[in-house]
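First up is the structure itself, then whatever we jot down about it.
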Amino acid sequence: MRLDGRQPDGLRPVKITTNYNKYAEGSVLIEVGDTKVICTATVEERVPPFMKGQGKGWITAEYSMLPRATQVRNQREANKGKLGGRTMEIQRLIGRALRSVVDLIALGERTITLDCDVIQADGGTRTTSITGSFVALAVALNKLVDAKLLGSIPLTDFLASVSVGVVEGQPLLDLCYDEDSRAKVDMNVVMTGSGKYVEIQGTGEDSPFSKDELDSLLSLSESGIRSLIEIQKSVLGAQICGRIAGVGYSAINP
Amino acid sequence: MRLDGRQPDGLRPVKITTNYNKYAEGSVLIEVGDTKVICTATVEERVPPFMKGQGKGWITAEYSMLPRATQVRNQREANKGKLGGRTMEIQRLIGRALRSVVDLIALGERTITLDCDVIQADGGTRTTSITGSFVALAVALNKLVDAKLLGSIPLTDFLASVSVGVVEGQPLLDLCYDEDSRAKVDMNVVMTGSGKYVEIQGTGEDSPFSKDELDSLLSLSESGIRSLIEIQKSVLGAQICGRIAGVGYSAINP
Amino acid sequence: MRLDGRQPDGLRPVKITTNYNKYAEGSVLIEVGDTKVICTATVEERVPPFMKGQGKGWITAEYSMLPRATQVRNQREANKGKLGGRTMEIQRLIGRALRSVVDLIALGERTITLDCDVIQADGGTRTTSITGSFVALAVALNKLVDAKLLGSIPLTDFLASVSVGVVEGQPLLDLCYDEDSRAKVDMNVVMTGSGKYVEIQGTGEDSPFSKDELDSLLSLSESGIRSLIEIQKSVLGAQICGRIAGVGYSAINP
Amino acid sequence: MRLDGRQPDGLRPVKITTNYNKYAEGSVLIEVGDTKVICTATVEERVPPFMKGQGKGWITAEYSMLPRATQVRNQREANKGKLGGRTMEIQRLIGRALRSVVDLIALGERTITLDCDVIQADGGTRTTSITGSFVALAVALNKLVDAKLLGSIPLTDFLASVSVGVVEGQPLLDLCYDEDSRAKVDMNVVMTGSGKYVEIQGTGEDSPFSKDELDSLLSLSESGIRSLIEIQKSVLGAQICGRIAGVGYSAINP
Amino acid sequence: MRLDGRQPDGLRPVKITTNYNKYAEGSVLIEVGDTKVICTATVEERVPPFMKGQGKGWITAEYSMLPRATQVRNQREANKGKLGGRTMEIQRLIGRALRSVVDLIALGERTITLDCDVIQADGGTRTTSITGSFVALAVALNKLVDAKLLGSIPLTDFLASVSVGVVEGQPLLDLCYDEDSRAKVDMNVVMTGSGKYVEIQGTGEDSPFSKDELDSLLSLSESGIRSLIEIQKSVLGAQICGRIAGVGYSAINP
Amino acid sequence: MRLDGRQPDGLRPVKITTNYNKYAEGSVLIEVGDTKVICTATVEERVPPFMKGQGKGWITAEYSMLPRATQVRNQREANKGKLGGRTMEIQRLIGRALRSVVDLIALGERTITLDCDVIQADGGTRTTSITGSFVALAVALNKLVDAKLLGSIPLTDFLASVSVGVVEGQPLLDLCYDEDSRAKVDMNVVMTGSGKYVEIQGTGEDSPFSKDELDSLLSLSESGIRSLIEIQKSVLGAQICGRIAGVGYSAINP
């Protein structure tokens, strides 16, 4: 039995509040247990210099934690004068993950920036940021469809992410901070609605792991991600889901 | 009549949610109209180097805006690699204002850091940060009293802040962003519960102002701050208010 | 009686040497007691990016202290790799104050940068910088009139600044460093030749102040600024004063 | 058939030159095809502040590329004034991977820094850095044994790393730059001598991948890593291999 | 004939005003033609970390130019966030030059920092900084003798510096900016009172030079430096000169 | 007799390997004793902003040391966030020295960047970088001739550099690190094939030096540089040497 009474394959309660911010083209507050992240999607009608003239759009992400998102206060990276390695690694992951399900040509020469600001951290902030950002992104793209700037939402699939790990020999889904700090193996998985992997990042710094352990963790993560995608669909609603280019709606929720 | 139907001397709706964050010693979400700021108070059992060995505590503040707190996305200061002048000016103001009502000797060799993170900005973010931080600070100090680390809350008075300005010749209380951007004169006032000024910062960059205009603005700000302090008292409740060293509770709410 | 024998409402000796630098379009060495600041005005025939295409000019300021301008040597900000909060606050103030009396449309698409470098600091360096910069700015603008690039000097009024404060219960004009460090209330006032306020920045970090104290301080500052503006007029001379667009010369020195 | 005539499961020629640098405690030049990396191991008799007083050692890594290691010259990160996200991600990976096979308690309060400087890059620089750093680390640890500072080499296993990917539908081992830039799926695997995973980082930014593809890639990587570890053993020689604490030498090369 | 009527071997007018700053232990304003530099010497009773525990003192220098010291305004290095290569090169030269005539053991565990701030630049700012800093340093050391912290001034010799160059085929002493910008060969020489070289930095970027040209330039520089040292002696006066440890006063001015 | 058995006027063994890097237009590994530097020349078909529109090319240099090029590991400048003064001084020197023998007009609007990365340092890294960079530059320019982008190699002369110094009263050529650290006088000389000086940088921080000592050192350096240039010619070969514009080949090796 886990600290909060969950089964090994249980997700924490998930709550996604859309339109949390009045200015952003897309925004959510996503809460997964005590982890809370504000994700906003900002649309700009230009692309970064390295993408110019290719007739394609760009998706990028930034990630930050409020100083007191954690038990002990963290110094602001703005005060240190630079981003830390962990922040860079996470925001590169979020951007790469979301680009994998966007048809950049259909998007046109636009940049969408996903800002993931962690208000409170209790494990899984990077995976929660990906799951929430997907919803913020879909909402922002839907506004472009409403404005007749796009004919359909240029997403090729749904996308969500979850953490898994081995704690005291037991594979567990969706680790909270306490479990994460005791995990021997720690893995973040990003998967599409059609069950394909976009990212697998597994590390056994304290204890290398076998192929069998890997397979158990991947199996747990798949079931978790399927549940998260059902929640995303329900939050976005039938109209937005029906506009997602790469996914026939009848296939979404048969 | 103002955009949102307020009278010239009307405050926007104010809502202060305490204990918004599960880790911080004190925290609030303060909403003044559409301006929303998370203020957390972090207590550390040490003082910065320049305060060492004086037998006194220290209060400091940091201020930041999420990138999409505003209509147009702002670049993160962590990405620019340095804090901008506006941020520095604001966080210096918040720290100075709060120190004015703290008995630093009674606090003992502790530092309390107020982090003010603007989630959504619609004018008055610095004054809202001060008003919210006072509550977060009182909650954090009350925990030190609960823990018997302090005998009473070492605050000498209540403290709140509001903006005032002259828009189209009319002095107005508590400017929203739209009014602020049209104001000829712009002033931020910080005042104690006993009606004394802690800070007055008035600027007439686009139009110098007379002593009469100054007096009208100061009078408006005083009535606004009195209302904000009543709200602070109500949010903190009788027990915490009664423990504030510098203020006899019977005097608080006669 | 004050340390140097002044009355509470007495200014320190003021000396303004124009054309102190052979390259700058306008320059002064301003000495107020032992506070010495070199102010130079540099004219450039372009505006910063955010001002482009508006048919207007721009006035900006930078402020710095030599390392040994003070009793204890200060580390150079160039060595720290960034400007401190105090520097940013001061240079924003100087720029804002001077812009308030410049007709930016009449100036045309030009930038004038005021560099205020404190050679020796004995209190009041920011107010002295404003008073000196006004003269350097007028000299530089006069050169543009001489060169027939402008028809008159596009200043709408004179401008000077002084500090005031309450020391041991006594309101005092023009604080030296020793007085400033003992002041309970500290205020900087910027005022125009016609007696209107451009900036009021008062702080009572160590001791909040009443409306009566505020009124005494404002009154002291007004008399000090009137004297400083007389000195500015005398230094600039009748010809330059007569070319200042916003001020009929007969009104200047009746 | 691949560009250079290799089979899909073929490694490029590998050459490891030990003691490449006359000052470092351990050093190699590792060449994998045209990818060339200098790895040095520096031993210092202290640990970073966050490790103090725990009776344990620390292993850390830094990674850099010479400006002309690549086809187009890269700007130096020292000139940009900060490390890029890619660099941070790679050096965090190298450090984490090596720590997984070091007994930090047996190492004692020492820090070993692995510097991986890419002289020429033709794909696989991060995996090559890990494979080379393991050898440099073993050489440096052996010197501590020689100096009787350690009783045996506190490594618990061998460790190497290789890249795999899917190019035009074909899973390939050890991608060169040209293959890497055409790969739909890209994966880096770090594995121990006993065949356990330390890190799996797979990304399908351009094309999500199935469980079957994942399994093929993992299988390819395992065979590649086994070959690399044989080369490491041969380069280190029987004496050093026999001193590695966690690995009975008879088991090394039966 | 040169622009200002000087002979090829003529120095510009030199003026050294001591005690220019009321706080610094030693200070001068040195004017060489239109080049003006404020040099201050700050004494601190500690040495930098790399000098600790050696029983020796340290001399270091910093150099900066006011933005409008030059014909075209220079951006402040504090705004750029870092020192430029030219600044670093110059301040390293100044520090090295002065250390060559200080008995660091006799100085004791103290640091003296020479700040050279160029108020106006017309060629030769680095050589003028060295010549002026020597005087500021002697004045500061003399205060330590006055305070009985030192028995004599721990200088082993006098020191001054001058620039020389070849302009239109003619070797010239003490180049002004206009000459410097036309010079084919440019050399800075630092020499002691006893006629020994401390630094020679000659560069013929636009035109390599022969041994004969070198010898002419060295000869010119020697005569210039002898004159500068006479001026230093006269400014310092007999009492301070007599206290300089390494130089018998009778030898100074026979 | 010197540590390694050399005569006072003996060079260490010199080895120059061309085309050390497969991507750079020109590259060498230069080894002078145990000092090893990789020099690459990168050709870009544009000039920096300050050179635009002048019809001329530009030569610039960057210098760095691997962290373990030295006995004690050096922190990377990329980690410190800025280049140190020594690095800046050296790379400015390398660029300036090479420009002195390039006909920038004949080069056309191109930039050639010399990257000098010190793999192992045993004294003389800056002079070795210059000597090696000249060869890398000639190779890169020769490729432009091969490609018919230039008619001949726009070099006006050969160029090499060596260090000299006075150790225990004895002038020595080509100091190794151990000698350099004991030298009282330290000088770097850059000279052309025709025996003219391009740079002389001599410093006697620990002991000022006489004209006689200077003359001995210059004489030693001349003989060393002549030998280095013979080696450069031999490495480049007759074909490349014959294409060097400013040097008749018959004159090269009579």
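We just call them A, B, C, D, E and F in the order they show up, numbering each chain from 1.
As a convention for this text, a residue touches a chain if its C-beta (ideal position, glycine included) is under 8 Å from a C-beta of that chain, and two chains touch if they have at least 3 such contacts.
Fair warning: this is a prediction, and the values are worked out from it, not measured in the lab.
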item	value
Intersection of contact partners for subunit A and subunit E	none
Smallest number of contact steps required from subunit C to reach subunit D	3
Maximum centroid distance from subunit D, chain identifier (CA atoms)	C
Maximum centroid distance from subunit B, chain identifier (CA atoms)	F
Copy pair subunit C, subunit E: interface residue numbering same or different (half cut)	same
Between subunit E and subunit B, distance of the C-alpha-averaged centres to the nearest whole Å	52
Distance between the centres, which are taken as Cα means, of subunit F and subunit D, whole angstrom	34
Residue list for subunit C, restricted to those that touch at least two other chains	81-83
Going from subunit A towards subunit B, every chain in order around the ring	A, B, C, E, F, D
Complex interface listing, subunit C residues touching subunit B	82-86, 88-89, 91-92, 96, 99-100, 157, 191-192, 194, 196-211, 214, 218
Subunit B residues touching subunit A - in the complex, by the definition given at the top	21-24, 27, 34, 38, 40, 42, 44, 62, 64, 66-71, 73, 76-83, 87, 113, 115, 117, 119-120
